Structures are given as C-alpha cells and as structure tokens.
Amino acid sequence: ATGTTSTPPAATQETAAPGYLAVADQALPAGGTLNLQVHIDSGAATGYDPQLADVATTWQLLSLSYETLVTIGPDFSVQPMLAEKWDTPDPKTYVFHLRKGVTFSNGREMTADDVVGSLKRLLASKSVWRGQLGPVESVTKDGDGKVKVTLKEAYTPFLAALANVPAAVLPMKEIDDKSVDPATTLLGTGPYVVENHRQDVSWTFKRNDKYWSKDKPAADALNITIAPEEAARIASLQNGSAALATLGNVDSATMLAGAKNVQVVTQATTDFYYLMLNTLAPGSKLADPKVRQAINIALDPQQIADVALGGKGKPTAVTPAGLPGACDPAALPSAKQSLDEAKKLLAEAGAQNLTFTLSIFATEPAPAVAQVIQQNLQQAGITVKIEQMDEASWSGKVYGKAPAEFDAALSWFAGYADPGMVTKWWNPETAGFNVGFMKPDKDLNALIDAAGKEPAGAARDQALAAVCAKADADAQMIPLVTRPATVAFRGDALSPSLYATEGYGNVLRLVADARVKKTQ
Amino acid sequence: MILELDDVTVTFTAGPPLRRIHLNAMRNVSLSVAEGETLGLVGESGSGKTTTSRVALGLQRPTSGAVRFDGRPFPKRRRELAGRMQAVLQHPHWSLNPRMRVGQSVAEPLAVLGRPAGDAVTGMLEQVGLEAALAGRYPHELSGGQRQRVSIARALVTKPRFIVFDEAVSALDVSVQVQILNLIKDLQAEYGFSALFISHDLGAVRYVADRIAVMRAGEIVETADTATFYTDPAHEYSKQLLEAL
Amino acid sequence: MRLLMWWSGRALSSAATLLGVSVLIFAAVRLMPGGFAETVLGPFATPEQKAELATRYGLDQPVFLQYGHWLAAVTGGDFGVSMISRQPVGTELLARLPVTAELTVLAVAASVLAGVPLGVLTAVRTRPARNKGGAGGGTVGRLLSGLGVSVPEFVLGSLVVFVFSRYALGLEVGSWVPIGQDPVANLAAMILPAAVLSIFSISVTARTTRDAVMGVLVEPYVTAAVGRGESPWFIVRHHILRNAATPVVTLLGTITAYLLGGTLIVEHVFNLPGVGSYIVQAVGRRDYAVVQAGVLLAAGVFIVMNVLIDLLVGVLDPRLGVLAGRRS
Amino acid sequence: MSLLTVRNLVIDYPQTRALDGADLDLRQGETLGLVGESGSGKSTLGSAVGRLLPGTAVRSDGEVTVAGEPVFDLPPGRLRHLRKKHLGFVFQDPIASLDPTMRVGAQLRLVLGRGADVGFHLGRVKLDDARVTRAYPHQLSGGMAQRVAIAMAMATAPELLVADEPTAALDSQVREEVLNVVFSLAADAGTSILWLSHDLPAVARRCDRVAVMYGGRVVESGPARQVLGDPAHPYTAALARSAPAAAARGTRLEPVPGRPPVLTGAAPGCAFAPRCPFAVERCEHERPAPVRIREQDVLCHRAGELEAHMTAGRRPEVTA
Amino acid sequence: MDRLSVAGLVCLLVLVVFALGSLVGAGGDPDAIVGPRLQPPGPGWWLGTDNLGRSVLPRVMEGVGTTLLLSSIAVLLTAALSATFGIIAGYRGGYLNELVMRLVEVLYSFPAIVLAILVAAVLGPGQLAALASIVLVTIPLMTRLVRAAAVAVSQRDYVTSAVISGARLPRVLGRHVLPNVAGTIAVQGTYALSVGIAVEGGLSFLGFGVQPPQASLGVLIQQGGTYMIAAPWLILGPGVVLVLAILSINVVGDGLRDRLEPRETRSLT
C-alpha cells in the first residue's frame, strides 16, 4: 500500500476513562452558556416528530429534548434512562420499571400511559424505526409505573432499538387531546428546552429546570449554530466564538494542530460506507455475482481507511466494526483473496474491460473514498468513472426510480448500537429503499432473521459471521469502512464528555454533562 | 419622367405610446425628375430633404401619395430595381464599409446583380479620377474627397438611370467640393443619368442643378429653373436663402 | 402627469420582465432533476409518503396550474411554505433579508465612497500615454484596478477566513450576531464579508468612473470651462461629477445585482444567515418554494433598482429620462 | 501694441504635425479671420492661444504670448488668471459647449457670479431671458445656444475672443445674426477677435485682417481686402477661386488640384508645392521664409514674381 | 498594443501551453496517487500532494485546461448567439427587437451566480451546467452591446447604399453589419471570457459546477480551501493561476478596447 501520514492521537484520547474520549470535569461549577456549531440542521419534512426522524443529525438535536426508556453506555451496553430497570422473564417479554419524578418540560409528570401510547404510536406509524423494534406483539401498562412489551418471537436488538430517539417517550396526553403537535413543538423529558429555532441558522436551548436528574444539565443554555462551510466552523473554533464543533474533514486534527486551546478528537462510529452495485439495470454486467465478487476482492478497505479517511476509519463487514459481537472483516472471503482471483473471475464472466460509473454525492469525504475505490479497481483492470452530484440529484438517481438507473453508488449507513440491526437493510423487502437496485437473496434473508433471534453470546456471533460471509459473497451492497466523526473543542471554554465510539451518530449525547469554563 | 412624387406625405410617429408625437416630415410634396435632368433640392436642416430622398429611393414608404419610377409604382421587392437607381450619401466617413477594400465596395452593386466585375471596377475608378491601384486600399487610407469619388464610382458602376446625391459634398472642404461637383457634371454629361441633388448649400446646387426645388418644414415652397430662381426668386423664403449666400 | 405616465409605463414593462423572470424560475425549478421527495423525506420514504407530500404541496397538479396558483399567491404576498422547515418562506426571507441587505448596502456604500473618488482622481490625474493611442494611466494603477476585478470572492473569501481565523487581527470571522441584538458586534462581524464582497465592485466602480470622467473631460463644455479659467476642482464639482454620474449610477444597478449574487458566495463562506445562503441550501435540497421566492426576490430587487436608477438618471441628465422631450 | 503673438509654433499630435512653425500677430482691438482648409491647423492654433490643447498634443517648439504673458510657460494659477481676465472662447458646436445637465440660467450664474444680472447678459445677445434661463441646453436651438455661449465668453469683457467656427453648425440664416451679435459686442467692449473660419466671403466682409493657413503654417496674412482681393500666395488665390458660391453662372470652377497635406514632421519645403502650379525645384526642398509683399506677409519663394497671375478669378498661365 | 497587454497575452499563452501539456500527459496522471498525503512541494510532486496523495501539478494543469476550455467554448457560443440575435434585432428593429430585448432583460435580471446555480440545478451539476451557465450569464450584456453597435452600423451610409443597390438581407448583415460589430464582439468576448472563468470557479466552488475527480480551477480551489491551514499549496497553485488567468484576459481586453476605440484625453489645467 502507499504511505500515509498518520496523526498522533490527541492527548485526551489517552487519558480519558475507558470508552470515553473525554470526561467532563465534575469539579467545575455548573452554569454558563455553551456555543456549539454543527454542519447541518435537522432537515425533515416531517418536522420535529422524533418518531419520524430518520437521520442521525436530527436524532442528535432532538435528543436534547427527548429521552428514551433505555440508553446506550460507552461500551454499547444498554443502560437505564427513563426506565430505572427492566425484567426479562422470558426472551419475548420485557417489563420496564419507570423512573419516578420524571416530568415533561411543561411540568406534567410522565406516566406509563405516555410510554405505552408512544410505543403504540410508533408501531402504528410509517416510521422507518418501526422495523428496527422487531416483532412487537403488544405494549401494555403493567400497573402504575410499569410497562410490558411482548414480542412474537425473540429479538435480540430490541433494547438497543429502544435506545434511539425515534423510540422516545412523547407527551401522549397532549398529543391525543391535540394541544401539542409533535411535528412543530418539542415537548419531552430531556435536559434542554427549545427556546428558538431558525431552520438552517441556529437553535437555542435553555436548561430544563424540572429535569429529573438533579445535577444535570450543567450548562444553562446551548446555542447551536448551523455552519455548513467547514472553514467557517474552524474559524469560529479558533477565535473562540464556538466552544465545540463537529468537523467533516478527516485532517482537521492536523490543520488545527497549531491552534491554541483547540483539541481535536476523532470519535469512532458504527456508521460505515458501503458500495451499492445495481444488479437490476437491464443488461448490466454487475448482475453477474462473479463480477461483483471480483469488485469486492479488488477493493482495499484498508487503503480507503488510510488514504481517504486519513487513517481514522476501519474496514468493516456488514456488522459494524467496533460493536461487540461484530464479525472480523479480515476473515471475510473477499479479504483473503488476491487480485489475480479477481481478474480470473472477471475473465470467467467475460468482463475483462469492465467500465462502470460510480455515482457519489459531494459531501466529504465521500469523493475521496470514491477516488480510492477508483484506484483500487484500476488494479483489477476495472475502469470506474466517478460521477459526483449534489445530494438531491444523487438521491433522485439512486432512489428515485425502480429499476434504478445508476451503475454503482456510494453511501453510508448509520451502524446503530447492535450488530444485528443494520444487517436488516441487506433484505430489500424489509428495507424498501433498495428494491430498485438489489435482488433479494433468500438464504441471506434467512440468515439475517436467524441472527436476530439468537440471544447474545457465542452462538449469535456465529450467526452474524454467517450473515457477514453471505453478504460478502452476494456483494450487492459492499460494506467498506467505518465513518469517523471529528469533533473539536476549546479546552479553555469547555470540558465535555464524549464516548469513544458512537452508535447513533450523536456527538451531543453527553452534552448535559459538559461543563462551561468561565474564561470568556 | 424618370421619377414622379405625387402629393406625397410622410408622417413619423415618435415617443412612447399615449404621448406620441406626429411629425410631418413631408407634406403634400409633388416633384418630378425628367430623363437626364438634375433637380436640386435645397432647404434648411430638418426641412425634409433626406426624407424626400429616401422616398425617392423607395427606402421610405409614403404615408399617403404616390411614387412612380420610370412611370410605374415601386415594385414590392426592391431587388427588381437593383442597379437601376443608386445613391451617394453624405458622410464621406461612413459612405464606405471600413472592412471592405475599395475595389470590393465598388464591385458590390455588380455582385448583387450577379454580374462579374471584370475590368469594370478599375475602369470606373479611373473614370472618377482615381488610380486603379487604389482598389486594394481600405477606406481609412483615403481622403474624404477620394472616398466620395469611390462612392460615386460605386453608384455609377451599374450604369443606373437615376442617382440621388444627398449632401454628397457638404462634408468636404471647399477646394475638394469643386472637384467633386465638376466630376458629377462631367459624368452626367457622359452617362446621361438623371439626378436628385440635395444640399443645404445654394452655391453648390446652383452649380450642378438644372432645376431647383426649395423645401421648408416638409413642404416644397418653390420650384423653378436654376436661371430663373437665381435672378428672380418667387417665394419670400427663397429670397432669404439667396441673401445669405 | 408626465411623471405618472412614465411611472406607469415603466411599471408595466418591469412587470412584464418580472413575469418573464417568474416563468423562467418556475420552469427551471420544475425541471430540476433529483426528487424533492427523496431529498425531503430521505431514502427510506415509502411511495405513499412521497405521494402524500406531493399532494400536500400541490406537486401532482399540471404544471401550468401550479404556476397559476403560485403566481396568484405571490402577487398576494404569499410565497408558500418551505418543504424543509414548514415555515412560511416569506417570513424566513424577511428574517434573512437584513443580513443580505446590510452586506449589499455596505458594499455599495464602499463602492461609492471609495470607487468614485478613486475613479475621479485617476481620471483627472491621468497623463496621456504618448504615441500609444491608449487611454493611458500608470501601469501599476491599471494592474491594481485590474487585480481588483480579477480576484473572485470565493478566492478572496477563503483567504480572508483563513488569515483572520488564524491570526488575531482585531476582526473576527464567524461571530455574527443579529443587528438587533448588538449593532456594534454585528457591524464588526460584517466588515470582513462586506470588504470581500466590495473589492470587485469598488474596482469596477473606479474603472467605470474613470472611463466616464475621461469621457466627460474631452467634452467641449469642459474645454469651455477650462477656457474660462475655472480651477480643476471647480470644474470637477460643477460640471464633471454630474455629467459622469449617468454611467456610474447605471452601473450601480448592475453592481447591485452582482452584489446580490456575490452575497451568495460570501454568506456561504462566512456562514451568514442571509438570503444567499438560503438559496444555495434550498437549491441543494430542492426546496422549490424557497428557490422560487429567493430568486424572484433577487430579480425583483434588481428590476425595482433599475427603475429607480432610470428615474435618477433622468433627474441627473435632463436629456434622458422622464422630463426629456419638453422643448421650448 | 501686439495683444497676441505666435512665434514659430510647432504642435505635434501622436501621428500628425498640426502646426509646423506658425506665426501670427494680433493687435489690440483688431478682428482677424483665420482661414484655411480643413486640417490646416486652425483649431490647433486657436486652442494653443489658451493652452487648451488635447492631452496628446505636444508643443515641440515656438511660443505664444498673450498680453505679454508667455502662455506655455505660465504656472497653472497665472494661466487660469490669464484665461479668466484676458481670454474668451466660443466653439463650433454651441449645444455641446454648454453643460447638458444644468439649466442655462444656473450656468450663467456659475460664470457670472451669484448676484449677476443674467437678464442683462442675455439681453446683450438678444435673447429673451425668461424662457432661456429655465431651459436646458438641448432645449435650445443652435443659434440660441451659441448666443448663450457668446454671452458667457463676453461676460468678463475679455481682451481677446477666440471664435472657432462659431457658425459652422448653424443654418445659413441664423449665421448672420450670430455674427452680428459677436462683432457688435466685441466692438462695444473693445475686444479683439480671432475668428477661425472656412467662409472666405464672410471673413472678407467682417474682418480687418486675414491670415491664411496651409499645412500648419500661416502662409499669408494682411488686411482682409488686400489678402482676398489681391492674394500674394498661390494657395490663397486658388482657395479664393474655388468656392462654388463665387462661380458666375455657366462657368466652370477651377478647383485646387490634389489634396491637402498631412504632415508627420517638419515639411522639407513649401507644403503647398505639390499642388502649386508655380512650384519650382527649390519649393520642394527649402522652407520659405516670410516676405512682405505690399501689405501682406507671405510664405512663398516666388511671391514677388507671380503678381500678375494672382488676381482672383483669372486663370493663371503656367509659366514655370 | 501597449506593454501591459502584451504581458497579459504572453501570460495567457503560457497558461494555454500549460493546459495543453496536460493533454499530452506532461506532469503525470492527475488521478494517480503518487505519494504521501499533503506533502509540501518537492521532487516528484512539484506543487505538493493533495489529501489523497495525488500530485497537485497535473491536477492544476488539467484544471486550467478544463476551465479555459469550458469558458472559451461558452464564450464562443455566447458570441455566436449574441451576434445573431443582436445583429438581427439591431438591424430589423420592431417586434423582433422588442422580443429579443425582453428576453435579454429577463436574463439580465438574475444575479449572475443565482442564474448559474439555477441552470446547474436544472442540468445537474457538471461541465454542461457550467457551460450553459457561462453562456446565459454572459449573453445579456453581449447581446445588448452588439445590438447597440448594430443599430449604429445599420444607420451608416454604406449599409443604406448596399440596400439601394438591391443587396439581400444575408448579404447586408454578413458583409456589412457583422464585420463592423466584430470589434465590439471581440472586446466583449474577452471580458466575457474572464467572467466565464469566474462563473465556472464560483459555481464549482459551491459544488454546482464541474465535479471531481475532474479538475477545474474552481474545484481545486474549493478542495484546497479546506486544507488552507495544513496545506496552503493546495489552494495557492490554482488560486494564483485563476487570478492570473482573469487578470491577463482583462488586461488584454483593455488593450484591445483601447486599440479599437482609442480615446482622447484632456487635462483640466
């Protein structure tokens, strides 16, 4: 492989507690205002309704006001949140003991009815997340302060799925009597209350004084500025007008190395890039599994991680690398084969001079990933033309028609918090969005379902490994590398808490712990 | 009669809608030019001389009245008259296309008719007193007088029966004016074309014209033989003009 | 009366232009590839959701009907609802307008205050270049003014963002606050973007002014004034400024349009919440109502601007404009 | 006393020599007509009197003195003072020489001073002030505009008025009226006039003296009647003969053959030589020096010899 | 031409040679990863390497080529269209003139970059969009000026003479009007070229123009902008070249204008 310059990890990455990039200094006094910058606003036509939110950037913002029954710990264990604890009398039954003294930000106390109503509403909705909750049979109130969920069959990722924003507890009384429209109003139990939101400009949150955890949130107010241009965010960090910002560039650490008081950390995520190969386009060579195999073999995820992601990403299989129980990408069949085998497969398929177009959107580092892919495949004699588009055109091209009109496309999935969750998207009948370019594979689907039922443990790991291998051979959607998130903050303005690895793409997950230093 | 204008009125409308200004550039003008004759047309600036020449050339359709060339009304398509009438216009500076060589300019009326130029161009240049070598030059390499000579050569190359001279010498120096006026006289003697000679300079008109028409504010106030006009102008305005000379 | 007539005539022709503009915008927006549904709803949306969205925004109707509805609504002051934020576009535009307007006004002011004197000075000071036939002017001056019009905002903007965020030079990038909240801080934050925006327009104004003044300098009435023994300053003040103003004022219309476009890039680079960045984002997301309204606003401002400029030119130069044609 | 003296003035434009050693004298109270073909350098000489030349013009030699002041060597302040107090200019295009953006009244007040009696000055040039004051220049006729320009030029009662073809752009009837105004105002104020013109008969009628220019030099000057009635220079004679207006009916005019020169440097000899029927060899190589013939100053090598042929209207016999 | 314009012309020629170099592969493969990422200029990568370890030099060469080629083609198109419409409108007058001028007015009412973005959004980002944008942005001014020139030329005596001689429309327009407005077209063309380069740059900078991996100056500047701090050479190369290109074209345009429309000067003292 070609050489890469790797950047030394930031100091915080070594000293923080296990599982953390940074831990807020609890000795610092609470209070103060926190100025944050993110690159994109929540942008759904469905408004603020958390159940309909389907992208991480929206989850991140809504998570400031909404909370779920359970949450995810730094090691991807499921932790209590609005449920103080839960029992699992059998693999199909979950009984949640609700926390006492939790109120919505309008002052009304949260009840079991809210929880039951929220889950029922979610199950009845068109939300994408409905599918992730698994085969829920019923949700019932189990006396005061307890909620019982019954599944039709065992489903291991259930708790992890409950830990994400779409499963948040909504103020069902208000929603039912129509005094609150969750699409336009944020009314949750979370640490912050929205004071003002200007689409694509800014959010201002103020502290929820009735928050159930007495010592939280630490900061009195949050100002979140939406700054799409990376240079503007970097500038704000440097002059201190932002205390923390999300960065898109994998080289941000290098670039901010000289900036005083600015610390750059790379948060690993379970999100990963994958390559879509359209097997439904009439006459496409890509319909031939051998060709796809060859492509899969020729791809060099390690080089993609090193060059395109500046060494910050990791090769991954269908189960996101970094999650407990995920399979080893190095053990995948395609990883063990050589370029010669790829060439042989291409020859067998009669596709020696294969040329196809790779459609990508412009957001960094996707173009960089695509260019490394181009270089990789060139080694196997495959010519890739890169077609870069704005996101809207890209969406139109990739998802707009069935059968879809592209040859290949690059995108990324949120990896979530359980290795079984994202594998569901490999079944186009469940996923829906990929029916336009992907043929369902019965065997693979069966393997995915089986892995979902298997309780955590060695057997499940086995089942997942089988899914990984099968998906690797199918190669209609080829997982590539995990997608790092870069966060920079002013050490003189802020002491934040950050997980080392994030499952739901939520950089702001622990913002309620962050302490503002009184320097400005 | 080669050209007859019969009770011609030309009205221009100018300005934006709702406050259009109607201006009679020609008012009931009747004129005629006989075969081989030169009619001089004088009048102050804005009196309608150029408009009259444009009507005579068929470039301007009269608002009312009739125009006959060679006894017939103007044909619908100008092309049918191609080569039969020509003009020499005022600005020596703009009379020739600056991007065309002199020879090309002179040959153009022939080219339009689809006739080969042959020696006609050099012959014509010599006729107007220019060396044949000038054919290869561009207009900016010529003096004003030379340029007007080229214009005359171009006008004559198709041997037209009728030529309009609209202020053809006005922009030239006095000394050169006489050269051109003499040239016009000589050529007319040779080719026998009829001419409408327009000028605000009574002296020049007297020198070349057989008859004189005086225009004022769009109307012909007097028409007379040159001799009679100078000795005994009938109209008050004509007298004023003569006095200023 | 004449004025009224002029106004109505001008208003009519402006309205026609604006109508043309609106047709063009509408057609363009409808012709954009890439589905608004995919963009707005994301890849996971079901066909029913997409259909519902289309119905909600009337996108399933025939195009000319959509245009009719839109036009009717717009003339009634209703610019529709953003598909992304579901807020009325008019309100959002109004909220963002101050930023863009401030930028534009600052840049126009800079162009007038710096460009005009610079242009007058260089024109009056120009020594003719001998035997060259050119307009003269020092090579360095020409190069500098040429440089001003040759450095695009996105280059200069990137540079300024870099330099000013790296080195504390007194002015800060990225600390914008609404003008209502803290006018001083707002102005401080606007200086850099406005400066970046105005480099081009200052240079163009200076060049145009110089050309215009040099054109006036050779007019006979200036020679006549010199012949009467008037001082240069007197001549500049009484004769040149006003006579050279026409092309400069006309230019300001074009400049305004240009600056409106320039704010797009500057707002993007400096992350200012103005109309420009709104349009860029909206185009990126196929937020039809916003694109339509934003572009229409920009074009409308330009058209209105031009009517005003025509009027002003008519006042400055009595040979042109409204009052012309009244002959005694 | 000489009010204006031009000595051996040489003015160059980038590609042209406009003046090639011009000499001129104008006495207090005198009216001098400067005539010549287009391009002979009249305007250049007229502008040089007030140092009003275009930026590309260079004075290569010679000098101009007005009221004893060397025009080309004055510092800006003194030059302005000279223009203000001693000089007045009227140009060819009357409407263009007024500021188009200012009402006539305002322009007059700007020149005359705030409290000045605009009505009086307009009355002097026979204009009805009420209407004219409120008008913009483009709303005036050429004749009216020229009278306004004259009023402005004569407002300070200058010692010398330079009028560069003030009537060339006007209709023939208006010309006389405008000239009347100029000459009577000048006579009243004791102003000398330098009148540049094409129009030989008009100059003959109105001027005391005439100077004829050719190829950037004054080739003949002297009393008007003398110069035009009894020219000493072959060029003057040819010019006088060639005006169409001068032709008796039925006669054929005799033009000056050839065309005027365009100089790029000093003419080696007499600039008229190529067109001159009397030219001899030395005319081409030797620059003629002024000689005095009768009351005229003439630049011609053969000035004395040709007297017999010089009477206007008579066809010269070529003797040389 | 004066010395400055000659310098501009030379500079432009150098850029063209530079761009042509990329066609024959001088400077190397612009897409190949040749070394470590973000290296400052050095042997093997004379302008440094970018964030993927590609040599910047061949990318800048390709970028100049793309930008110049796109803008030139666009300006030629503009010139052809403006000449056709401007001349016909100017010569014919009447309704045709009204129609053309209205259309031009409508196009002129859009701020350049807004129009460009709109076009790019319709055609989909890419070279075609950049091309069409430049054409639409530059066409209004050029058409206006050509029309004005054509109106003036149409009134010249030599045009009238040709009409009197019986010349038909194509001859009148082709032989008489067009050659005499060609100067205006040439001068405006050079200015349009510099506008074109700026529009391509701005559009690509915003992500609506030329799309990577195809290099254009705008694309390179956009990409380099993010790395300004760590690797200033990424933006310096293309930035300087872009400014140089626009500057020299403007200077040449000025020279051309001074030559075709020489102006008098006069001082006030």
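Here the chain labels run A, B, C, D and E in written order, and each chain numbers its own residues starting at 1.
To be clear about the criterion, a contact is a pair of C-beta atoms (placed from the backbone, for glycine too) under 8 Å apart; a residue touches a chain by one contact, two chains touch by 3 or more.
Since the structure is predicted, the reported quantities are computational estimates derived from the model, not experimental observations.
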The pair out of A-C and D-E sharing more C-beta contacts is A-C
Greatest Cα-centre separation from chain E belongs to chain D
With centres defined as the mean of Cα atoms, the chain at greatest distance from chain A is chain D
Rounded to the nearest Å, the gap separating the Cα centres of chain C and chain D is 52
Distance in whole angstrom between the CA centres of chain A and chain D is 91
The distance between the C-alpha centres of chain C and chain E, rounded to whole Å, is 21
Touching at least 2 other chains, the residues of chain E are 121, 124, 207-208, 225, 228-229, 264-267, 269
Listed in rising order, chain C residues that touch 2 or more other chains are 32-34, 127-128, 132-133, 136, 158, 162, 166, 218, 223, 226, 268, 283-284, 286
Where chain D touches two or more other chains at once, the residues are 54-56, 79-80
Within their complex, chain E touches chain C through residues 2-4, 102-103, 105-114, 117-119, 121-122, 124, 194, 198, 201-202, 205-208, 218, 221-222, 225, 228-229, 235, 239, 242-243, 246-247, 250-251, 254-255, 258-259, 262-269
Listed in rising order, chain C residues that touch chain E in their complex are 16-18, 20-21, 24-25, 28-29, 31-34, 124, 126-129, 132-136, 139, 142-143, 146-147, 149-155, 158-159, 162, 166, 214-215, 217-218, 222-223, 226, 232, 235-236, 257-262, 264-265, 268, 279-280, 283-284, 286, 291, 295, 298-299, 302-303
Chain E partner, complex, touching residues on chain A are 2-5, 230-231, 234, 249, 251, 254-258, 307-308, 310, 362, 364, 367-368, 370-372, 374-375, 386-390, 393
So, in the complex, the side of chain B touching chain E is made of residues 57, 59, 78-79, 81-83, 85-87, 89-91, 94-100, 105, 108-109, 112-113, 151, 154-155, 158
Interface with chain C, chain D side, in the complex: residues 14, 47, 50, 52, 54-56, 58, 79-85, 87-89, 91, 93, 96-102, 110-111, 131, 134-136, 138-140, 149, 152-153
